[in-house]
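Below: one structure, written as structure tokens.
Residue numbering begins at 1 within each chain, and the chains themselves are lettered A, B, C, D, E and F in the order written.
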Amino acid sequence: MKQEKLDVFLLTKPPFSSRSELCLKLAARSGKARLYLAGDGVYHLLGGVEEFSKCEIYACKEDLEARAIKAGKKVTVLDNFYSDFIEDIMEHCRHEYTY
Amino acid sequence: MKQEKLDVFLLTKPPFSSRSELCLKLAARSGKARLYLAGDGVYHLLGGVEEFSKCEIYACKEDLEARAIKAGKKVTVLDNFYSDFIEDIMEHCRHEYTY
Amino acid sequence: MKSVFYLLDTAPYGSEKAFGALNAAAVSLCEMDVTLGLYRDGVYLAVAGQDSRKLGLPNLADILYAYGELRVLVHEPSLMERHLFGEILIETLELADEEEFFEAMESSDCVISF
Amino acid sequence: MKSVFYLLDTAPYGSEKAFGALNAAAVSLCEMDVTLGLYRDGVYLAVAGQDSRKLGLPNLADILYAYGELRVLVHEPSLMERHLFGEILIETLELADEEEFFEAMESSDCVISF
Amino acid sequence: MKILTIVLTDGPYISEYAEIAYKLAEAALQQYKVNIFLYLDAVHIPKKGQDPSFFINIGQLFSGLTEKAVVIRACARCAGARGYLPEEEIIQGSNCRDYFPRIRITSLYELSEMLSKSDRVISLSR
Amino acid sequence: MKILTIVLTDGPYISEYAEIAYKLAEAALQQYKVNIFLYLDAVHIPKKGQDPSFFINIGQLFSGLTEKAVVIRACARCAGARGYLPEEEIIQGSNCRDYFPRIRITSLYELSEMLSKSDRVISLSR
């Protein structure tokens, strides 16, 4: 599945944080990016980050549940979020950023 | 001097902080406010906070020096910033806010 | 001080601050008029249906329900900005426009921020 | 990792973070290509003439001078926003527009944020 | 005598609020009664043995305030979470052996009591 | 074996990054070598005796990681400033009696060494 070496972004900050803005700018520049949402990062789904960003988007299930946030169809909700993320950054990615 | 009971604001956060924005909004609503700038709050002087705000403005000398920020003529630079601030909030003020 | 306004502008779960603000507000209830104001990222606390068991953290919505007598104001413009207007919110909370929210701060004897 | 980009977006003196970023960048100099990027509130570190003696804090501008071989990029749009363009800046620093700044991040093997 | 209460939520060094609180307390203590309540990360402030080579020793500053009658209390839940545990015995005015003398761990209700008795409250938080 | 290094700057409870770092390390340690460098407030994480009634005990989580060969080091300057002092003697793999076993206070140069030997670096900071 994850053959292509893409840039990987882990976003744990909520919208309106300046780090979030930086993260989304870098992801947009990358063109080919996977965006992992965990912690307060899952709040980006409320604003429809999956609609305006061209990234593949993954979200952490337990963080969604805690915050009562639903993920749209374009978002992959991962049960083993951290294992999948680790495999991605260690094996399949070009550059990794965390914000 | 400080006879009139005004609202007093202590601002220690830099511009673009959401707390700074809240502080300046509340100061504008107050109409009669004294604004004390300390810590990173002194960076508001770069944007000319003394021009667009109707408050009397006081700034902490050692914080200006550390950050190499100069205060304009409308700003009172206090040597004994904290003593003056304490006297103001304990004796002469209606409501005190810290951000 | 007869009244205190606790201002929470941090999102729940990502930090201990929301839990800290709730506890501080709760213990003040017997001695003072208490308002908890949810502002900016603090408004995320208002969303109904939170289930934090898998995170091993206390359910903050349950704490809000447990202190039903606590007055909680939700800053409407912050809700709107965060696309929370369509979401189901905890029903014991009070929506406040900016004017009402600021008036509640101004009419409290002190404001404590988290 | 052969190169590291330290991102500082916090103002000096109000927090230990600027001091921490400078130290981390300094110790990395012998083993890696190091860039310190001043972004958002981090650009306040670039102002010349800092004198922190009365605060009892280390003079961060002096530390910048002491590590003259450290590459420090200042994000120009952040400088502009903060009305710092008219101020005298520490001359050893390098101004970078957004494109150059992001390119430096992208061409580093890792980014560490403060 | 009027009463000033300062509420802190940040630990030392990472933020300047402990130092600002010290300066506020120092300026106020000659004329007013001063309380400081340590909440969340601020419970790290009174830890003994701080040795900040480049910064002012915040623990010592706060210890000095207690010698001038400033009352400093730390939230029991926040302190316990961070490994500062209250003991039954009070030694040199403190119930925590990790803390400087006279600085005590108390229930959060003490915050409420401090607030309700105060003429002015200053809250400093990142 | 590839190496992952995680750099932390926040203390426990006040931010979720210690927990996220734990989950990342736990997910990585079976296949990769994992280092964690504790900087600034993160030097509070390995303090013994944490008793968070409502939260997960972060100190114990990190202690558990060291049993699975995760290397955890704390910056000497940051630790010293906050009252965690290194001793000459190493007991149970640690040179700080306030810390859990196997977690050691080291020079900041260790961060640089960890970074230069790593295949991937994750930095988590408020």
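Note that in this section contacts are C-beta pairs under 8 Å (C-beta built on N, C-alpha and C of every residue); 3 or more make two chains touch, one makes a residue touch a chain.
Being a predicted model, the structure only gives us computed values, none of them experimental.
Subunit A and subunit B carry the same sequence, and matching their CA atoms takes a turn of 180 degrees, rounded to a multiple of 5. Chain pair with the larger contact count among A-F and D-F is D-F, by C-beta pairs in contact.
The pairing of subunit E with subunit F is characterised as same-residue: of all residue numbers used at this interface, over half are used by both copies. Ranked by how far their CA centres sit from the centre of subunit C, the chains are topped by D.
For the pair subunit C and subunit D, the distance between C-alpha centroids works out to 37 Å. Taking each chain's centre as the mean of its C-alpha atoms, subunit B lies 28 Å from subunit C. Centre-to-centre separation between subunit A and subunit E, using Cα means, comes to 40 Å. Rounded to whole angstrom, the centroid-to-centroid distance between subunit C and subunit E, based on C-alpha atoms, equals 26 Å. Annotation for subunit A: residues 12, 16, 18, 39-40, 96, 98 touch two or more other chains.
Counting partner chains per residue, subunit D shows two or more touched chains at residues 13-14, 16-17, 40, 55, 57, 110-111, 113.
Those residues of subunit F in touch with two or more other chains are numbered 13-14, 16, 40, 54-55, 77-78, 119-121, 123. Each chain pair that touches appears in this list: A-C, A-D, A-F, B-C, B-D, B-E, C-E, C-F, D-E, D-F, E-F.
Interface of subunit A with subunit F (complex): residues 10, 12, 38-40, 80, 82-83, 85-86, 89-90, 96, 98. Subunit D contributes residues 9, 39-40, 102, 105-106, 110-111, 113 to its touches with subunit A in the complex.
Of all residues in subunit E, only 11-14, 40-41, 44, 47-55, 59, 77-78, 80-85 touch subunit F in the complex they form. Across the interface of their complex, subunit A is touched by residues 2, 4, 16-17, 20, 23-24, 26-28, 31-32, 119-124 of subunit F. Of all residues in subunit C, those touching subunit A in their complex are 11-14, 40-41, 44, 47-55, 57, 61, 81-84, 87.
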